[in-house]
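Below you'll find a set of structures to go through.
The following pair of complexes shares a single chain, subunit A, combined with subunit B in the former and subunit C in the latter.
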Partner chain A sequence: MQQALDLRQNKYSEVSQEEKDRLFQECKDDERWHHILYGCYECGICVAACPSAKFYDFSPRLIAQSVAREDTDAIYTLMNDSVWDCSQCFSCDRCPRGNSPGQIITVMREVAVKNGLQTAKQALEGYGRIIYKIMSTGSQVSPDMLQPNAFPDWGHHVNEIADNLEVWRRALPPETLHTTETGWKVSEKTIIELYLIWHMTGVMDLIQGIDDGLHMILVDVMEERLEEAGYDIEFD
Partner chain B sequence: MGYSKVNECVIATDLYYSVADNTWARVNEDGTVYIGMTDIAQSLAGPILHAKAKPVGKVRKKGRPIATVESGKWVGPIKTPLSGEIVETNKALEEDVQLLNKSPYNKGWVVKLQPSDLENELKEMVTGDEAVEQYKEKIERDGIQACAHIEGTEDYE
Partner chain C sequence: MIHLPVVKANERVFKITPEEAPTHDLRDELFQLEKEGELEVIRVPEPYMEVKTKYGRTKKIPLEKTWHHKSCGQCGHIPGYSTSIFWLNRAFGLDYYDPTDQTSCTAWNYYASATSNPEAQAAVAIRNFASAHEVGYFPLIHCGTSFGHYKEVRHALVHQHDLRRKVRDIMKKLGKKLVIPEEIVHYSEWVLAMRDRIAERQVIDMSHITATVHPACHYHKLIEEDAVYESEIYGAQRTAIVTASLQALGINVADYSSWFDCCGFGFRHILVSRDFSRSFSVQRKIEVMKEEANPDIVVTHDTGCVTTLDQSQVAGKAHNMKVGLPVMADSQVAALAMGAHPYKVLQLHWHNTDNKPFLRKLGIDVDKKWAEFQAECDLIKAGKKEYLTWEDAEK
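For the complex of A and B:
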């Protein structure tokens, strides 16, 4: 069971002050930072609007106030134990001061990922298959992921759908949806562009810091296909 | 074939293992080797949904992926413990991919490899009692839970 979030205890006291300061500075250096944090009336509108706050020990106000106070011990704890509870719906954007706790969290998550924090690795572990699917094929959840043993809650008719997947897909009017291994047909031009963007923007380095195995199989797929398209690119 | 069990995880004692990558190799009389994933690997992954081996003819260096495996909760590579050329892939996995779970050391082999530096690279793998000992340490060090086996798993007694 998840432990209650208690900022009065400095949970990560073994982490040096310099490291905590460095990570917070990285957040502040983000060019979005000064457009998403102004001040706090303590009105609680963000918490009232937040769906995650209803279900988890999570508060967008705590995030906004901690970063405004520059309390780096609290920020480090939140960066590890709280930011992944946010659903990134941005309901908190209704703040009368113009704060966006959701976007503050976006930046904090990016810093956590870029620095390979263990808690970020754990939080993202379950998303490996989805990331692999999107980044290798350019399309999201695919029909052939609909396997009876992965979706027992769909009831017995999931077997019939899984067994006759190609037929069901051909029944859809747009030809681009007559696929089972991808959500839709992705053109060669599109997938090559996506691979090049991920390569050039450093996304692959981010993934390597979080999940080496996932990085390895993605790079393998990408290098091969880029080579076929006439690009000589090494990711490593 | 002899088997040993550590924390309900089966180790076939006649195979060679890369303990870090949870893969095994079986050397055939004709000099080729079968490569597969271990019982611990299948248990950590959970029931496998997809496995895609690299095509026949592909030359891979040691440590590079020879297949991608997807389960409900995980996706990752099977890294070859030996360098060489893939000469055959296991067609039986196309019919029943969960042979990887049910028979990881026999019917669930992944690729057959023509190794390019077998003598040297085999020295870096472990077999027999040494493999069992190293897995004991790994299971303890990594806090690996008792291996789970799905219905239809072969009998190792």
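For the complex of A and C:
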């Protein structure tokens, strides 16, 4: 059962004001920041349009107002206890003031991950296998992920797919779709280029911030394939 | 009595006025940056169709020489979606390219976990665009999130000099150019542009079918000015996408009050917090559609929307909720209308909610079609055939 959002200032009183200010400053330093926050009319249109607000103690208006007021205590609480409820559908872009609470949250999540906040790690528990798949293969989900233990609430149908997976994939006319471990056939050259992008943009540091073990596995896989392709690259 | 100048909603006339648009045409800046040597613009190839966007700008939709930017969720879990897009291209004899030099846009992961950054996201996008450009084709984006995200990336690259410089440096190291398409085009815009030609080839009557449409959030909410609108469809108050294509096939598109709501996908929710996705999808979408429109089918145009609206109904059924609506993509409905095989092409066995009553209502012999597909599977199992080929599917 999800707990109600607690915005009392003593919730994270053990965290210094300097630390809260520093994290908010990181948000403000993002190039997108000044194009996604203009103020708040308090009209509530973002809340009315928000799917997460209907099922969680979650309010895009509260987030827009807190960041507009630069209330770093509230922002720190929201960064920990609220931003992961967002559906990232951007229905809140209907804001008549021009705010994008959804994008404010994208930035806040990025700062939470970059700084390895414990709540970000908790929010992404169970998500590691997806990160492994996308980072190592360039495809977010794959046919072989359709297993009953991963999707029990999708019913018996998942068993049927899992049982027939090899044959049903071969029974697809496009030649690129005969794969089971990736959504489609991705060339070796493409994967190498993707790993080089991860290396040049520093995203592996973000992975390390939230899951050290996953980071180690990914680095092993990537460095080995890069070496086979003639690149002498280390991610650390 | 005070007379207020109020016009009833159904009598209002919405005029599309480009000069009053709150946003400007990004292409002017793109071409200016190209002149300054900052980037190269990939032109929309001939032949193309012209459609109108939200604020009246004319958008070019290429009909062929399309490079199919596939979707990980479609290809992985609902592969009849992409197969139907390819089948339509083949049926019209159009020149298209199905690449292996393509990665996911990685935006699903970005919106789910934030374990990436704008520089990496832009570099992944431009690597894919460059790959299309190198083989002389134009990117056609299959996924709604890829489409929305690439519009955002294009916007950022035009307006952020520093990001542009960083991505150009990365591309240089990969031996690629910084190339940006003149238009970011979603496959459903291609279906919409082709709708009259699809209707000309229609062999299955759909005039007795009622559908509800779910427009994908990342199609019409991100960079809204690039989404297709038509004055004849909802008075241009909402996007014409999917609805216009279905109406061309004679389908009655019924309205429902929660059309603007998302499907419940939620990016991280559908993978690790699915109680939210299930509840939202059933309670805010499927049950509302059922109560207000009672359609034969739900049609949408994005990976996550088809998946969430379809798969979530299993739990709803267990709780005796008002569910039981088959969910398909517009490409599948268009292919079906033109006589495509429901299992060899539409691959409906990957979908969850029972779609047989819908197929039977169209006069399709479901048992016969399934037996035909099973016979192909038996040949594969027996090692007498390696794969089901296009020729097999087009028989």
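By our rule, the second predicted complex is superposed on the first by the 220 of 236 C-alpha atoms of A that agree within 3 Å, B and C clash if a C-alpha of one lies under 4 Å from a C-alpha of the other, contacts with A are read in each partner's own complex, and residues count from 1 in each chain.
Everything below uses one rule, namely that a contact is a pair of C-beta atoms (placed from the backbone, for glycine too) under 8 Å apart; a residue touches a chain by one contact, two chains touch by 3 or more.
Fair warning: this is a prediction, and the values are worked out from it, not measured in the lab.
On the superposed subunit A, the two partners subunit B and subunit C both fit, without a clash.
Legend: residue contacts after superposition of the two complexes on their common chain; A:15 is shown touching neither subunit B nor subunit C. Of the two partner chains placed by the overlay, neither subunit B nor subunit C lies in contact with A:229.
Look at A:45: by the touch rule set out above, it reaches neither subunit B nor subunit C. Which of subunit B and subunit C touches more residues of subunit A is settled by the count: it is C.
After the chain A superposition, the centres of subunit B and subunit C are separated by 120° when viewed from the C-alpha centre of subunit A, nearest 10.
When both complexes are overlaid on chain A, the residue A:173 reaches subunit C alone and has no touch with subunit B. In the superposed model, A:126 lies in contact with both subunit B and subunit C. Looking at the shared chain after the overlay, A:68 reaches neither subunit B nor subunit C.
Shared-chain residue A:145: touches subunit B and subunit C both.
In the superposed pair of complexes, A:7 makes contact with neither subunit B nor subunit C. Between subunit B and subunit C, the smallest C-alpha to C-alpha distance in the superposed model amounts to 8 Å. Residues 125-126, 145 of subunit A lie in contact with subunit B in one complex and with subunit C in the other. Residues of subunit A that touch subunit B in their complex: 125-126, 128-129, 132, 144-145, 147, 149-150, 213-214, 216-217, 220. By the touch rule above, subunit A contacts subunit C in their complex via residues 31-32, 49, 51-52, 54-56, 84, 87-91, 93-94, 106, 109-110, 112-113, 120, 123-127, 130-131, 134, 138-143, 145-146, 151, 153-155, 157, 160-161, 164, 167-178, 182-187, 189-191, 193-194, 196-198, 200-203, 206-207, 210. Those residues of subunit B lying in contact with subunit A across their complex are 47, 49-50, 64-65, 68, 70, 72-77, 79. On subunit C, the positions that touch subunit A within their shared complex are 70-77, 79, 82-83, 86-87, 98-104, 106, 108-120, 123-124, 127, 131, 148, 156, 160, 162-163, 170, 173-174, 217-218, 221-222, 224, 260-262, 264-269, 271-272, 274, 276, 278-280, 284, 311, 314-315, 344-345, 347, 349-350, 352, 373, 376-377, 380-381, 386-390, 392-393.
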